Amino acid sequence: MVIQLKQDITEPQRAAISQELERAGYSFREVITSIACYWVAIGNNDMDIRSIGNLPGITDIHRVTDSYKLVSGMWKLTPSSIPLGNGISIGGGNFTIMAGPCSIENDAQVSEVAGFLKSNGVFVMRGGVFKPRSSPYSFRGVGIEGLRYFHSICKLNGVLVVSEVMEPDQIEAMYPYIDIFQVGTRNAQNFSLLDALGRVDKPVMIKRGFSGTIEELLYSAEYVFSGGNEKIILCERGIRTFEKAYRNTLDLNAVPILKQKSHLPVVVDPSHGTGIRNLVEPMSLAAVMAGADGVIVEIHREPEKAYSDGIQSLCYSEAEQLFDRLRQTVSLKSTFGLS
Amino acid sequence: MVIQLKQDITEPQRAAISQELERAGYSFREVITSIACYWVAIGNNDMDIRSIGNLPGITDIHRVTDSYKLVSGMWKLTPSSIPLGNGISIGGGNFTIMAGPCSIENDAQVSEVAGFLKSNGVFVMRGGVFKPRSSPYSFRGVGIEGLRYFHSICKLNGVLVVSEVMEPDQIEAMYPYIDIFQVGTRNAQNFSLLDALGRVDKPVMIKRGFSGTIEELLYSAEYVFSGGNEKIILCERGIRTFEKAYRNTLDLNAVPILKQKSHLPVVVDPSHGTGIRNLVEPMSLAAVMAGADGVIVEIHREPEKAYSDGIQSLCYSEAEQLFDRLRQTVSLKSTFGLS
Amino acid sequence: MVIQLKQDITEPQRAAISQELERAGYSFREVITSIACYWVAIGNNDMDIRSIGNLPGITDIHRVTDSYKLVSGMWKLTPSSIPLGNGISIGGGNFTIMAGPCSIENDAQVSEVAGFLKSNGVFVMRGGVFKPRSSPYSFRGVGIEGLRYFHSICKLNGVLVVSEVMEPDQIEAMYPYIDIFQVGTRNAQNFSLLDALGRVDKPVMIKRGFSGTIEELLYSAEYVFSGGNEKIILCERGIRTFEKAYRNTLDLNAVPILKQKSHLPVVVDPSHGTGIRNLVEPMSLAAVMAGADGVIVEIHREPEKAYSDGIQSLCYSEAEQLFDRLRQTVSLKSTFGLS
Amino acid sequence: MVIQLKQDITEPQRAAISQELERAGYSFREVITSIACYWVAIGNNDMDIRSIGNLPGITDIHRVTDSYKLVSGMWKLTPSSIPLGNGISIGGGNFTIMAGPCSIENDAQVSEVAGFLKSNGVFVMRGGVFKPRSSPYSFRGVGIEGLRYFHSICKLNGVLVVSEVMEPDQIEAMYPYIDIFQVGTRNAQNFSLLDALGRVDKPVMIKRGFSGTIEELLYSAEYVFSGGNEKIILCERGIRTFEKAYRNTLDLNAVPILKQKSHLPVVVDPSHGTGIRNLVEPMSLAAVMAGADGVIVEIHREPEKAYSDGIQSLCYSEAEQLFDRLRQTVSLKSTFGLS
């Protein structure tokens, strides 16, 4: 059961609700976000929620039989819209394009890409500064220094920054220079990191583990929400299967199922999700029809010269065509309503 | 290397080509279909194909480095259009909707569904008469008797029949009553069956094995083509992964990759591919954007009463909405050209 | 529920049992094998099986809640021992080694291998004569002619023959020359073939589909048993996973779980199961400890010259070491009893 | 290429080697562990390593074409033996049993289990104090306070402690109370954590990611080694597949392949690896024959009352039988030599 308390709830009112929960054999955990105060109540007994729902001090109450609670669609029936800053929101009917290189390389590159995005009406730039690499001998990113110029150049262009955070210790240093914290696929169940991001008031985009189930992704989101941060974006980025024709198997089924099970927005990463440049456009357009709230796409001026993942990056002209077709597809999809 | 011979090639011309291939250390296999005569030549040596290509009697010749040959996009650069009968074709720019129940139950059901399809402008009806069932104690289908009324009722409505064939011995009996032979996922590598279907002059729709790779699906198609039948349709129907939220993981990545590797049309089965009714519409629309040439969808007047697979069937009103949205999406997609 | 009838049951006794089942709302299917007559009764009602069990004419009766019935360990608590012919049995405490080349190549090869096996106390030889090959252009085997000399040479050496059957039509022609019919991984759910093998009185070894679940393998065995043939051997041969370091992932967990769920013997194929020569010995020995009733191993005088699968074949000296270590391991394992 | 420097190498000798590497177009990274000083040199050019190998100051030099270097079997041909403390080593011919509950619950439990282990000749106890749980609402462990009594009670019994570390920040606090740091499957690619453990001088046991490849596990080990810690143990603990009969699919193929590719010891966790109590013994014994250097097994006095994972824990009498059979199997296996 999830209970949202009124802002002006009094102490005696809180005590009354607490007593009623206790009487029914329920324990609860208080979750305070920048938006509201929730009680997540867990118990095995069947109870009539009206006995609590009618008490003063409560904005809303719902029985949530899912084992994840705050992120469940059973708690919140309408899709959430997450403000990213700069007047841009994701979810709730908006479709958001995020694009940029796999790795930030230098300030000239950032200037160029940010300018390209701005002139194409794209207002979120992706780019890794700490790169999780399987091998310790691979390029590991430009680091916090790179994030600084990445952010300042983007800000000049009115473009927001999304970049991966790899450990709790990096949060504080990255905080001033980032608009959306990205949790990478290898950290999708790094519970220490998720806990720490629950204490931050900036949006968090959680990538599905490459062998993570839908349920595990929702649990990871629940970690962040129950830690106090409800600005969460889910991201499908491809899973591991037996198929060798693509680097990952982008699982678009995840989009409609997540939209049905949760109120959180869902974006798709077709670049990592397939690992093949000429699958990016068809799978991006397909993602729109599957119900995605956005895509995050790798682009590079000269893909074959990228520090990492060039093989899956679009060049600028391909990106422009994609942006245009995405918008036409979104426009048609919006006439269908929610599927 | 694939060589297409001229219809009016002379014996001396054939002998000259054969000699040249032998000289180059190539062996070849002659494949005669209802459309043309091909020589599939295999050898390890590097040779200048012009030495053969300039010989008289040859319509076309291409080096094909893929290990599948006749189905490869390296042999035939333009997408194939497969005539289904009744003036309908699949592939080559057309989008084909096929729909119907999982299992044929009785003639009243067939009449009703066929009428519904006709009135909605859908001209291919699916329906199993031999059902491959994991358990020997499950309903195994109405059999050849059922196929007879299935076909005759459809014919009255101008609707074509697609149904699964499970063994070579069934082909002859089914032949008069079927328009498209379907090879099920469990038989995707039943090479005896594929061989036998190569000797038939009706279209064959091959479903991808639920753990079959893209390459294996193309090899299975090569069995049919090299057996003499080039009317082949590929079908993505979901693969097995670790995910338990859906019955299968519909792999839409297969669509653009198959379209790039082969000239054959590709259809998608979102019903078996997901096993969840309310995923069928979003994944069908996504399939269009991924580049599919058609969909094959399960519908039932009262899904909850179906003999099999009701949980993934659409009711009529859902189907009508789907058909309408599919057509709008196809219409937009057609303005994008091939991706 | 499974009921085994007495050999000398009378018609009135049969009628009484049938009536009692009908009264309880159960339907049943009679299964007659070379060993006994069974009634497999299926119904949804809870009933006291003693009301039937006490009727005359019944040898044994058990409630079987598994959805597979005759192959279930709930029906038969003691492990089955399958006579292979020649005084050799598999299961029931025996450990059986089967070995031979992937493909039969010629009679000289058969003579040599059969002699090698005999001199090493191995009395079952494997060898494909019909090869299921992904590509239609690969070597497809020496065919029925090869099977004839394969069998006659083996017979001279007192060695039994196990070989793959690919379609119902081959059964009759193969019958005189084969001791164990093998159903390959690609045909693990070819229900027409399984049905047909239910009507044969020779042992059938069913390989698990490379993405087949444990339950599906048991269902496939149920097809053969319920068709009338209870001489069934199950075979684990590797599944498909994301791992690329081996061709397949041999799943030894299947051994103890199958032994717990079923009374049928279970053998392991470490050659196809791993696809890597130097994994064959450790995984074979591991299979013994996991509880396997036998192994089926590829050997070749000169693995690098084999027509197929040389990379996973053992040479003779490796095979001799394996046989010796297998026997020592079996000897230790037998002191542990069933785990 | 990996170069091990002599302990008493002089500065001019270092300079000479460095110059020669530079001349050949190689860059290198110096790795200093508690045992030796290594240079890991990476370059694309073919070079005759004797031009460097003959220089003074070098103990050993090997070309390593694997992309992991220090953990590769190409660098060190003989299996490594890792001292755990207390006179116990793992690898290099020893077989090590580790056992204990999934979660540490209280000091009475620790006393009892430690006593049980000691009396059975088992000298490493497992037990989680920080539990990575999919849901934020599950029990998360007794924490650092619990680790303190866990360690002090074990020390009294002469038993070593292995427990999971979840983030770099925990290392310092855990350090005095732990003998082996365990990296859990969800952190197998938490590169920040692996980096930090490279700076510690205690053994690290890295569990394979539940969808991690063999290569990725070796890369993760390379992170720790190249960070300065060569006391590394690899652990196979089950992967995710389509199979639903067990919680995970324990992949014993990983054992011989890791032993062939690396010099590091490999242990197996059959408890998490299968998730089923009565699969633990057969798979443990199988692990020995596959070549494992140890097992890590869950035990509990009353499995059905465990705080977590009771369903896969052995009770004491089952554990005693397992220990006994493991020792007999190890004894037989040791006569076979390395396979």
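Letters A, B, C and D name the chains as they come in the text, with residue numbers starting at 1 for each one.
Going forward, contacts are C-beta pairs under 8 Å (C-beta built on N, C-alpha and C of every residue); 3 or more make two chains touch, one makes a residue touch a chain.
Which protein is which chain? UniProt says A, B, C, D = 3-deoxy-D-arabinoheptulosonate-7-phosphate synthase.
Everything quoted here is computed from the prediction, not taken from an experiment.
**Q** Looking at A-D and B-D, which one has the bigger number of contacting C-beta pairs?
**A** Answer to which pair has more contacts is A-D.
**Q** Farthest chain from chain A, going by the mean of C-alpha atoms per chain?
**A** Relative to chain A, the chain with the farthest C-alpha centre is C.
**Q** Distance between chain A and chain B based on Cα centroids, please, to the nearest Å.
**A** About 38 Å, centre to centre.
**Q** Please report how many Å separate the Cα centroid of chain A from that of chain D, as a whole number.
**A** Centre-to-centre distance between chain A and chain D: 34 Å.
**Q** With chain centres defined as C-alpha means, what is the inter-centre distance between chain B and chain D in Å?
**A** Taking the mean C-alpha position of each chain, the two centres sit 50 Å apart.
**Q** Two-or-more-chain contact residues of chain C, please, as numbers and ranges.
**A** Touching at least two other chains: 211, 215, 240-242, 244.
**Q** Would you pull the chain A residues touching chain D in the complex into a rising list?
**A** 29, 40, 42, 67-69, 132-137, 166-169, 186-187, 189-193, 195, 209-211, 215-216, 219, 222-223, 226-227, 240
**Q** Which bits of chain C are touching chain A when the two form their complex?
**A** Answer in residue numbers: 211, 240-242, 244.
**Q** Which chain A residues qualify as touching chain B in the complex?
**A** Of all residues in chain A, those touching chain B are 211, 213-215, 239, 241-246, 249-253, 255-257, 260, 274, 276, 278-279, 281-283, 285-291, 325, 328-329, 332-333, 335-336, 339.
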